[in-house]
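What follows is a single structure, and I will ask about it in a moment.
So that you can tell them apart, the chains are marked A, B, C, D, E and F in the order they are listed, and the count of residues begins at 1 in each.
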Amino acid sequence: MDYGLLVMGAPYSQPAPHSALRFAHAVLARGHRLVGVFFYHDGVHNASMLMTPPQDELNLRDAWKALHKEHDVALDVCIAAALRRGVISQSEASRHGHDAFNLEAPFELTGLGQLLTLQQRCDRLITFAS
Amino acid sequence: MRESEDLLVIIRHAPHDSNWLREGLDAALVGAAFGQSVRLLFMGQGALALCREQQAGAPGQKASLPTIDMLEMYDIDQLNVPQRVLDDLKLPLEALVDGVTPLSERQVKALFSQNRPILNF
Amino acid sequence: MILHILTTPPTSEVPRQVEQAIQAGDTLLLTEAGVTATLDPDLHCWTQNDYAVFLLEEDLVARGLSSIAATHGLSTVDMDGFVALTEQHLQSVTWY
Amino acid sequence: MILHILTTPPTSEVPRQVEQAIQAGDTLLLTEAGVTATLDPDLHCWTQNDYAVFLLEEDLVARGLSSIAATHGLSTVDMDGFVALTEQHLQSVTWY
Amino acid sequence: MRESEDLLVIIRHAPHDSNWLREGLDAALVGAAFGQSVRLLFMGQGALALCREQQAGAPGQKASLPTIDMLEMYDIDQLNVPQRVLDDLKLPLEALVDGVTPLSERQVKALFSQNRPILNF
Amino acid sequence: MDYGLLVMGAPYSQPAPHSALRFAHAVLARGHRLVGVFFYHDGVHNASMLMTPPQDELNLRDAWKALHKEHDVALDVCIAAALRRGVISQSEASRHGHDAFNLEAPFELTGLGQLLTLQQRCDRLITFAS
């Protein structure tokens, strides 16, 4: 089956992304396709390049990135939710006069419509929140 | 892809307490803009989003009532709230905006259909 | 005397924690989502006589609940009054 | 049939919302903080017969509650079983 | 500056559900490292931090039990939990780590003194 | 009196920082001194330079910065809480191999000890959380 995930919790502060990552691997292990992960609400923090957990802890962003690399999973981040929370790509940063940015490929800033598209095109959309 | 009924968006968070309410309403509006028929169900603290006298909050917190008022322009005219939620919160229907339909327990359960896409905020 | 600041609604588990901590002579200030206690005049905090209870007016207005608070005759303070309460109490605890 | 995924403890207001939505034939999966329902075998979800209830084993183990779940004879699924449940249900709703 | 009793750190969040537990324990440890006498009170879901069989969580979630075990090394030997919390949660004392002292309602209230610095997590 | 604030909620997602800012102005208006604000837990996001709210909304970081400028309020951010959440200064960023950073003066990354110092030296420490 085709699966999509909606992730709405921040790494380390909320269990949602950790559960979602575990679920993602189980979905793939059962032979399904994981089409994409949509990050909304506080979930946008999963995309931050500046996330710097202690060395003995998993870097969640790197874990999502590996999932993209190995299984071609799209990593879409809601642009409106991300910008107000300080998660921003290079092009948006320069558009808004910031010198720095903290989101880059394979994460992509997209509109909320992408979530509805993911829900429509997947057989299953599973939400991980808070 | 599967045959689907209208999109059910559930709102369970009150104004000003978080960004859940606003981001939930945004999802409903985008669904409508994408041509989906959208039905809104306000549960728990979410029913407070319908209070007609609410205002803007502390500095930096925008009012959400204008968004509620805007829903009709997007053809989202199904604002449902379980009667039990109004009873639990002791929230009088007169304190809410116009056009809210209270639902019986049976009617609430009927909204949850496996063929209906659901987003829960 | 301690000022207890409660920011969660009556339906959360937090008011139960406040009940375990609050003592006669303390003060309870309801802020943020805590002001939704306004809707139910039967709640323990309104029916007891051990401690004073105030609602933060700004948060009440933001949530559209001030006329209901007035109907129920509940006491409010504005942000200036909140600061005054912290002046009067050596210690405060925020429950969230 | 819908798969309801509940992530909050019995003391939160969220299980009450699930009760309003869940129907005979649905399935309830308790994950994250939801697995603390293990401690109280008198909770409605354990005493009703309308829908099946499972605990996510990984979250139970993480919280040190698996021996209590075993004592109470509660059903668990592992992460693979969680995916299997989503295969069997066209629709899922996560309550948080 | 005021004369103060020992620091009361209240823990109200369970392991793995957030970073509140860890960040609350960190505050207790730093207080102790600063020479303050620290007393820990576990309320609500926080009592679950004391479960002796708990493990590490999902990928990226560290176990917090090692920190609980470390408290004694910092002379934080007052691990208090209201008896009422254990009753509410139906959490048997045998399921908890050693050295936990259940408190009566009166004892809990006595911890809240205006001269005691308090941090509530 | 000397006041200190402990802020443990993220802007826009949680009401705490908005309430805290309002309270801060009321404290000053009543003639008290606001010694410092300590940002802990999700409150560290208040310090992010990359926060980009819609133009008709207040930028919380700028509001804190103005408070520092006008009333000399120290803005301390817990370093451990900040780093794991992707909030990082230039020097910490280079130490951890990041090309960018999103925290700069007047916000300062400090240890948790600073919170206890603030609590000890102020007449009042008021917490705004979640």
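By definition in this document, contacts are C-beta pairs under 8 Å (C-beta built on N, C-alpha and C of every residue); 3 or more make two chains touch, one makes a residue touch a chain.
Bear in mind that the values here come from a model prediction, so they are computed numbers and not experimental data.
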Mutual neighbours - chains that touch chain C and chain F alike: B, E
Interchain contact steps from chain B to chain E (minimum; 1 if touching): 2
Interface sides of chain A and chain F: same vs different residues, half threshold: same
Euclidean distance of C-alpha centroids - chain B vs chain D, Å: 26
Length of the line joining the C-alpha centres of chain A and chain F, rounded to whole Å: 26
Set of chain F residues in contact with two or more other chains: 11-13, 15, 19, 22, 41, 53, 57, 84, 125, 127, 129
Multi-partner residues of chain B (each touching 2 or more other chains): 2, 16-17, 19, 44-45, 57-58, 61, 88, 117, 120
In chain D, residues with contacts to at least two other chains: 9, 11, 13, 16, 32-33, 58-59, 90, 93-94, 96
Pairs of chains satisfying the touch condition: A-B, A-D, A-E, A-F, B-C, B-D, B-F, C-D, C-E, C-F, D-E, E-F
Parts of chain C lying in touch with chain B, wherever the complex brings them together: 9, 11, 32-33, 36, 39-40, 58-59, 61-68
Contacting residues of chain F [partner chain C, same complex]: 1, 3, 8, 15-16, 19, 22-23, 25-27, 29-30, 32, 124-130
Residue numbers on chain E that touch chain D, as the complex places them: 14-17, 44-45, 48, 51-58, 61, 65, 88-91, 95
Residues of chain A touching chain E in the complex: 11-15, 17-19, 21-22, 53, 56-60, 63
Of chain C, residues touching chain E in the complex: 1-2, 13-14, 16-17, 20-23, 89-91, 93-96
